[in-house]
Amino acid sequence: MDSEKKNFEDDSLIEKDEAQQTDQADLSESEIQAILEAVLFTASEPISVSQLRSVFDRAISGHAIRAQLRELGQFYDQHQRSFQILEIANGFQICTRPDYAAWIEKFHTRQVRVKLTPSALETLAIVAYKQPVTRLEIEEIRGVNSDSVLNSLIEKGLVRISGRKQEAGRALLFSSSNQFLEQFGLKNLSDLPSVEEIQEILDQSESDLNND
Amino acid sequence: MDIEKLNSSEATIEPYSIKLDFFEGPLNLLLHLIQQQEMDITEISISAITDQYLEYIELMELLDLDLASEFIVMAATLLQLKSQSILPTTQPDTGENRQFKDRQELVKHLLEYKQFKEAGQALDRYADQNSLTYTRPEIEGVSDWREYEISATLFDLISAFQTVTIRPNFGADDDYYEEIQEDPITVEMQMDFVQRLLTDNKQIRFSELFSEFGSKTEKIATFLAILELVRLQQIMAIQSDHFTEIYLQRKVA
Amino acid sequence: MDSEKKNFEDDSLIEKDEAQQTDQADLSESEIQAILEAVLFTASEPISVSQLRSVFDRAISGHAIRAQLRELGQFYDQHQRSFQILEIANGFQICTRPDYAAWIEKFHTRQVRVKLTPSALETLAIVAYKQPVTRLEIEEIRGVNSDSVLNSLIEKGLVRISGRKQEAGRALLFSSSNQFLEQFGLKNLSDLPSVEEIQEILDQSESDLNND
């Protein structure tokens, strides 16, 4: 995937004078940090390290970019800003902290929250953990026809067709999308909760309910 | 089973064959029953669970819910497993038309399914948590995430309905039908009734909705009205914990 | 950095009454400042002092709000953040500083170029499924002139000229590139979902919509 982006930026379409304005050769670390902050500030979605590197014509390493983002996040933490840097969906994003949600909602309309039916949730979990997976494999686990629930997940952009099985039948394979990671606040697929974590989370929610 | 009789004698209910998009499968029903009995999956009694499963299926048929064929296949499988458990040695495994070879296989499958179901619930908590972080405004239109909420599952609703009606032979009393044939209560009327109740009250208890009704037709009509309103996203059914009281409230747009 | 996401113990906040969370009586100055910051951060336009007061149920004076906004702006200045607080059109807004405009523009032009418009996607799909295909054939299917969209796909490296038709006219033939496969995560062309499969998904989505 990175190779495409490289091609895009190598294709000399960038204006000369722009290149002059954004000459990365003599940038200090704090300048790099401020540029990253400005870019993330104007983005409404997570931005990958590769995308951030392209801002500097890839003259700055992914390692250096991560280091600056980490420092920036620490700065926000130390100074108790209302926002933070989150690593989400294979990218970075500036988001407000959960503590401020109630205040923000007093002013802005509450953001519509991902709310899926129990069947959609369990189907999504199967796709996320077993990907790439065929429709038949999903149905075997769920024990029920899953056409319409799978289609509705595709329509919502949470599940995508990721290819075909190489074996006989050449069934379509389904995987989770980047949007799935984004909507559920996951860094990447290895960030999916483990069996133990799942149990912890569910126990926690149960005790929350009982406390009410 | 008197399904035909009910349908032919009850013109007001017949047109309401409710198609439930949020219909969960037979495995989900089995898990529901196991949890209801507070049983450990690995300890389940095939005989007891089969009886409960069949009872449930009968009720769903009686309510004319659009029953997926998978439920019938599972019923057949359970019956085979049950007979196998009664005659363990003399009955050689034919292996035809069944999903699971033996009890062990069923248990294994249920455990796997349960794990994914719980993973889905955990992901739901992630989404909750994630919805508390706000990002910079989007430049383009926000995608529409709305989907009808149903905190209580279909099975929870049916279970609750089961407790407010006479179990387990609900609807088997022939004499009763003579009486309710005249009954003018329709599903539409009950939809209207429930909605009107919800304009005056923020929340109503599911069980209260039934306590003041006399006839079974009324109860069925009320129940179908609730399912229809949930499906039409007019109301929400909320349950704070498994098998506790279900509350109904108006769906906030 | 992922502490917030995993902080499920904190989410008892969700269950609590909202009024409790937003009790302005015992807010410290720095808390007021952080709340103002969160509200401005999530806004796309200038917010007036009166609007900001309403967040606190008007329990905090306009004077106090202005003072906190001034302090916040000074904080951004002192720490050389890439954004600042501007008073525009009778309201306040967090905006990036002009120094970063070139960097931000560089990032956003890249973004736009990677994303495909619906007409580009449609044209790309026709090329992918019908290849090799002439410009005329594409236009017959789409019903509109497709010169510029085809050129932009070639420029992006997603479509390539693969030869000439052997018949009269010897029109140019277009095919999808390897980069196309890479970008869409396909191993080879036979991985493309079949037209019937796409139709199935679309039909399903339509009937879902109609059921609503």
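Which chain is which? They are A, B and C, in the order written, and residues in each are numbered from 1.
Quick note on the criterion: contacts are C-beta pairs under 8 Å (C-beta built on N, C-alpha and C of every residue); 3 or more make two chains touch, one makes a residue touch a chain.
Small disclaimer: the values here were computed from a predicted structure and weren't measured.
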item	value
Which of B-C and A-B has more C-beta pairs touching across its chains	A-B
Remotest chain, subunit B as reference, centres from CA atoms	C
Computed distance of Cα centres, subunit C from subunit A, in Å	12
Distance between chain centroids, defined by C-alpha means - subunit B, subunit C (Å)	40
Averaged-CA centre spacing for the pair subunit B and subunit A, given as whole angstrom	35
Per-residue multi-chain contacts in subunit B, two or more chains	21, 125-126, 128-130, 132-137
For subunit C, residues contacting two or more additional chains	4-5, 7-8, 11, 13, 38, 41-43, 208
Touching residues (chain side subunit A, partner subunit B) in the complex	41-45, 86, 93-98, 100-101, 104, 108, 111-126, 128-129, 141-145, 148, 156-157, 183-186, 192-193, 195, 197-199, 201-202, 205-206, 209-210, 212
Subunit C residues touching subunit A - in the complex, by the definition given at the top	1-2, 4-5, 7-13, 15, 18, 21-22, 30, 34-35, 37-39, 41-43, 47, 51-52, 54-55, 75, 79-83, 94, 96-97, 100, 102-108, 110-111, 113-114, 155-157, 179, 182-183, 185-187, 190-191, 193, 197, 201, 204-205, 208
Subunit C to subunit B touching residues, read off their complex	4-5, 7-8, 11, 13-14, 38, 41-44, 208, 211
Subunit A partner contacts - residues on subunit B that touch it in the complex	21-28, 68, 70, 74, 99, 109, 112-113, 115-139, 142-150, 153, 240-241
List of subunit B residues in touch with subunit C within their complex	19, 21, 125-126, 128-130, 132-137
